[in-house]
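What follows is subunit A paired twice: with subunit B in the first complex and subunit C in the second.
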Partner chain A sequence: MAKIPVSMVVNGERVGPVQVDEYTTLLDFLQEYLNLTGTKLGCGIGVCRACTILVEGNDGALEPVRSCINNVGRFNGSSVTTVEGQAQRNSNGEVLALSPVQQAFLRNFSFQCGWCTAGFVNAATALIDDLRRRPVSAGKVEQVIEEALGEHICRCTGYVRYFRAVREVIESTPGLVKEAD
Partner chain B sequence: MQGFRSDRRKFIKVCTVAGISVFAAPAFWRQSTAAPSTGTPVTDWRGSGESPAFRMDGIAKVTGQKIFGRDFRAMDMPDWDKQQHYALVLRCNRVERRFDGIDWSQIPSDCQPYQRITAQSLSEKKVKLPPFYGDAMLLAEGASPHYYGHAVAILLFDDFAKYNGAKQVLQFNRKVIRYGDATPPVVRDPYASWRIIRVEGPDGPSGEDLYSPLQDGLFFPSYKNRKVEWPTEADKAGDVSERGIYYAQEIRAQSRKESSAGNWHLVEGEYKTQIIDPMMMEPEASNVWFDRPRQALHLVLTSQSPQDFQELAAHMIAESGFADHIKSIVVHSSVVGGGFGAKDHSIFPYYGLVAGLFAKAPVRLANNRFEQFQAGLKRHPFHMRNILAVDRTSGKFQALISEMQVDGGGRQNFSASVSMVGASAIQSIYYLPRNDISAIANQSMNVDSGSMRGYGTLQTMSAMEMMVNQAAAELDIDPIELRLRNAFQNGWRNTQGAVPRVGVRYTELLERAKTHPMWQERATRKQTFEAENPGLLFGTGYAIATKDYGTGAAAPSAAVQFDKEGRLSMAVEFMEMGTGISTSQSMLLESVLGQAAQRCDVGEVDAWHALRQFQTESPYTMSQDHQDKMSRNPLWTPVTAMASAASMSAYFQSHATHRAAEILLAQGLLPAAQRLWKTGPIDPAQIEWRNSRLHYGQHKPLPLKVLAEEVHRSGGITGVMVHSFNRWEWAEADFELDGVKYTWGVDGLALRHGGSSDRVVGGEYEVVERKAVRYPSTALNNAMVTYYAPTAALVEVAVNPGSGEVTIHGLQNYMDCGRAIVPQLVEGQIEGGVAMGIGHALYEVLPALGEGAGNGTWNLNRYQVPLARHVPVWNQQHDILPPESEQDPHKGIAEVVMIPIVAALVEAIYQATGKRFHETPVSPEKLRRALNPQVL
Partner chain C sequence: MGRIILLLLSVLSAGFSGAQTPIETGRYLATAADCVACHTSSNGRPFVGGRPFHTPFGILYSTNITPDKKTGIGHYTLQDFAASMRRGVGLHGNLYPAMPYTSYYRITDDDIAALYAYFMQLPAVEYVAPKNDLLFPANLRFGLKAWNLAFFDRQPVSEIAGKSPEWQRGNYLVNALGHCGECHTPRNFAFALKRDESLAGNVLEGWDAVDIRPQALQRQGWDRASLRELFRSGASEPGAAFGEMFRVVKHSLSHLSDSDLDAMITYLLDGNETAAEASGDVGGNPGSAADNYPEGRGDFVAYCAACHGREGTGTTIAFAPAMDRNAGVRGENPYNTIAVILRGLPAQRMSRTNARAGMPGFASELSDARVAGLVNFMRTAWGDPGGEVTEDQVAKIREDLRKHGFIGEKK
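Let's look at the complex of A and B:
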């Protein structure tokens, strides 16, 4: 097994270099090497999106990425955000304030078992980030939610409350919805 | 790990089994409720509204805290060795040839396991599965695989990289397991057979029956060449089987005769359901550490039934060669990342246990999704031959004859009870004056099926609804009108001859749908839609279902307590399965004690030892004599603890929580209020809580805090722990406190004085032995089920005849859940149930045997679960009946919510296309082929 060195920023903290087997996925790296288990394995083949994390692009845009089908080497030098990095925390890692998406999911009782929640939090956060740069008209809000979250699998709540929560965030956040085209 | 104190006291001894002490560790998510040490926490889940602001476990879940069993690694566990080892199970993907050993050379040299556990290893150490799971935990070399996915070896690796490297090579590897000569299939007798025969007596639906299981008992077949042979001797005056066969023959003869005479219309057909994977999002996992120096085995599980695991695992070890090396077992239960029954009595934790026994360090066994499909419990496929006889004039159902064949797979698991429950549920919301229903749970070489959501009823009730919709069409009666004519009424007898204990409101549900525009205008809506959307076909379907809930031996425990500040905390035995039990049970206290619990420990397994109760025989098979004799011991109970199962918390756990709260109010708070108000005895019916203050007549309202202070100051009762038992009725017992006799719906009681509002600690409670107890008669074991909650679905679909794609345009759900505890949780349950029902109706299917999940190649790329686009995300409406009174029960609904949508969709497809299906799923491919027989 060939080893590769891995270094990146995860939730604002520098990690590495760590020597890992070259076929290690980002998900396994997060879980087995960093002990960050908030990112979940659902299918392991990139279908269910439970493992979605965020990668910051050069322009600062957040890209949702499936950590179970991407080798960790791809993220060398990247800045990665997992669900553990979404809320504001104190120096002990304890939660002080939730992100708007997290709050909306709580308020709407969007999840039950919670296994798919990390993926939804990250994908919805990326959508909000994208809408800040490229707002949509009110008539397209539901469509962009469907496009952003439509492949995520939830087995407990039937998607209704996740989608409603994200619509609430979009409609209540200034600058995400523009006048009709 | 945040908040997890390295504290020996966290392990509480539950019991001793076969000389091994069993300890339980607190469920992990409790740790995450600890307030931050700096800054302002975001923990006010209750909020100030009528409903809670969010789920009690919400913050932990939305921030990715370690709460699920799969999350925990050795380094997270206090006192564990920090090195983490990994385990991998090798499984057969074929059954028709002998297992001829393993080609170890397939494993790369730098990924070698340090231990290979095989059948021989187990044999040397005398390790055997608990009998519930059958034998051949690992298949021995030279034997025939019993079923697809039969495990042959467990490999142990001392680091992740080796494990991961080996797994990449071994998964899908067709050479690592060697197969030899062809062997005949492994067969055995059916797991179980049931027959439910009932004939109404001259006094009608509520009178005495001519014959029923409740009245006459059950009888069973013999097996010849693996086939069922029912008794053939028929005698009206004979024994239970002879009388049963007599009436069964009568039902069949009468149906033929009346049909020939043109009086009865028969809807006759074969109805089939598919193999379904529960596809809970968290695949099963375990982490097990055999602490050899301390002779302790520690386990972290993803189980829905940790209590049963504890006991069975202790027996398994006690009978093995490890018995002398293990003095204690510590089981850490945890939040379950979706279960749907797949983690209830799953065999998986036993493989984790065995890995732990042979490992040199904590060892993690974690299925990936391919492995979960290959080895995880499935939903039983049913094959039914049904006849529903309907009177042509009145539209009243006259008889139901159903023969069910149920495929249980390679291990028995719960196949016996699933087939029985499915058979007893087929009547759905209808009254049937005559029925002959048989169900055979068969062994097969499929992956074993278990207690998946619906527990047999989804399969049988969907068939019933399809028959009712067909009868309505063939008799030209409005489908809802036909249902109204046949709806079961309170006080009537079910197919087993029992009278349901909870009032049913089927007529009300049906009437609501009847007046809905989607129903009333369905013909014009179809016309309009098809005119506006040329090429698409539009249809409307309706179905209703009522789900029994309960096991016939429910035994919930609860403890409720307050500190001197008036802060309430509680513990329940039932575990959190994702549905919001902690939230809803906490909220239950508001009506009785003025506030929600600020802390609710779910899945509590250790505190109850304070009740000092014990059990003896199976509650299902014990004799009345045994029950009567044992009842004289004030500490005996039919069942000490129950497994968590779907639809069980709202009704059963709530009963225990309510009783504990009521006793705490009456015995703790009201005497204090009496002193503070300087008044005589307080009538509990006249008190009222408003804003956490107790109001009573003209007296100055008392905050809970003031009352609590007084109770603590005076040494009064500050905590109540109860255990209750339900066999379709609640047990009640007499207790004496300070010379006064009380009768409560509990059979075990312990009280606390003083104390905090932290975790419920059994040692702080003192048992109060009952003076007398009245348990429900053991004869009620024949009643099978008597609690029901109904749901209905009215759905509009558009079918694309070219692709077979079905799009749901509108969905109206109806539900009677009694008193909803937290409406948002109920609605979430409905929406989630609908999605899962849509999957069953239209998408999800696993082929049988060699092409099926047991071959190890299944995952979500092939197994289509519903996505958001398959579900009416934006246009789903719920009509939840308001409770009839404040005394309405909280009904269990977790399973019924997914049932009616299945037959409603099948009917809507028929209304759209003219094609009637008796088999699920009606997949796009199946529908496309049916509509385009000329196209390949």
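Let's look at the complex of A and C:
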């Protein structure tokens, strides 16, 4: 099995180069090589979005990407954020504070079994990041949440509480909603 | 009482003999002609119109063809209906040739009458489609008379000698009712079908409506069984229908009778019934593909292989079709292979139990050179590369897709 050298930045830390079987999915790489097990395998065919992680674009924007359907080669040299990278931590890696999105999901009892949660956290974080760059009018908030999270599947059906939590974060964070178009 | 029994008897005998009332026949013909696809807006009521069509000359909206007297075709006599279907002449002036009268002129009198009977008994819906937004001079309807004179070649369809009745029926279904050429036949500068290149393929809405002439279908690897499966379910071993063709299968082809589908296939393959690999003409070469296009192979492994398989064998048709011997990869024109990589595909649902996953697009991540390398790798490994795809070719397609809003700006 051919191996390729893989290096990337994961949650702010440099990883690699490590020799990895070229057919390893990013999801397997995170779990098996880096012991980051917060990213979950759901459907394995890119439909359910449970495995969504964030990739930083050239302009610094965060793009949600499904980690189960692409192999490591795609992410060579990229900067990747997983659910483990969302909370603030001290130098010992201990959690100081959850991110606003994580807090809102807990406050709203958004998830139950939790399998889809990492994907929702990352997609919602990308949405907040996007709104910081390109705010929308209040009337559009529902629509952008729908566009960002509408494809994510939650079998405990926490959809309403997920959406409500994200709306709370958007409305309580200055600069994400503008007056009017 | 006697009359009622007689009526009952005639209804029963019609049922037993398989004969249809004109309305039932009309409903079937309307399905074969796929009227609903164009005359329904997304999530709108069937046949009330309002679906926008983006043409090089501006935006056209389909019209209300329910029998509403004010806003639909309620005032149309059979003669008026025939004139609009066959000559593009409506009660309010000439129709734009987005209405496929350039194909429908071949529909027989009996079938026109059945279609009329069907449409006139539909529930009437009062609805007016948005006003067309066309550029000068296309916004002037009187110009359509001149267009018809210049480009509407109304030669009657005569039976082609030496062909079976099944073939003749297929010809009628493909070229008259099915109006396949309206997408699959190239158009000239004035948007008229080029009759001498019938069904030779044409790029439309950012996809290549592929060459469906017999030799091209054979080269792409289609045979009778796989075409039948494609028309029934939207996908089969050589590949899946997407874009407008998916809707054609969903609303029209999948509802046709076995004998009509077989007739269409008989016409389309026209005797070329052996798939190309059986005749030994086609065979990819994964080894030479990897040697010649190492970057392309690397990108296939990184971007595609998790779903489409290490050896390109795919993971079920519903999820990720095989690239090995895929009709798109084998086709002469690489347009769709390139366009799919750039724009991705939406998830599609044919029925409650037949759905297909979507595919992400990689326009913002893969440069023109990398897309070219990836396509060359796939075509060499699993297709029948008729010449190398160049970076410039990809750049042109990317620009075309970007201009029409099918992909975002290059990052």
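Operating definition for what follows: the second predicted complex is superposed on the first by the 179 of 181 C-alpha atoms of A that agree within 3 Å, B and C clash if a C-alpha of one lies under 4 Å from a C-alpha of the other, contacts with A are read in each partner's own complex, and residues count from 1 in each chain.
Please note the rule applied: contacts are C-beta pairs under 8 Å (C-beta built on N, C-alpha and C of every residue); 3 or more make two chains touch, one makes a residue touch a chain.
These numbers were taken from a predicted model, which means no experiment stands behind them.
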item: Touching partner for A:N58 - first (subunit B), second (subunit C), both, neither; value: second
item: Touching partner for A:Q102 - first (subunit B), second (subunit C), both, neither; value: first
item: Partner chain in contact with A:E146 - subunit B first, subunit C second, else both or neither; value: first
item: Touched partner set for A:R74, first subunit B, second subunit C, both or neither; value: second
item: Which superposed partner A:T173 touches (first subunit B, second subunit C, both, neither); value: neither
item: Subunit B versus subunit C, judged by how many residues of subunit A each one touches; value: B
item: Subunit B versus subunit C as contact partner of A:C113, first or second or both or neither; value: first
item: Touching both subunit B and subunit C, residues of subunit A; value: 23, 45, 47
item: Subunit A contact footprint on subunit C (complex, rising order); value: 298-299, 301-303, 305-307, 310, 315, 319-320, 347, 357-358, 360, 364-365, 411
item: Residue ranges of subunit B in contact with subunit A within the complex; value: 2, 35-42, 53-55, 57-68, 70-73, 75-76, 84, 108, 110-111, 160-161, 164-165, 168, 279-283, 335-340, 368-370, 577-580, 824-825, 827-829, 831-836, 859-861, 865-869, 871, 873-874, 876
item: Interfacial residue positions of subunit A with respect to subunit C in the complex; value: 4, 22-23, 25, 45-47, 57-59, 66, 68-74, 76
item: Contacting residues of subunit A [partner subunit B, same complex]; value: 1, 20-21, 23-24, 28, 32-33, 35-45, 47-48, 50, 82-84, 86-87, 90-98, 102, 105-109, 111-118, 121, 142, 146, 149-161, 163
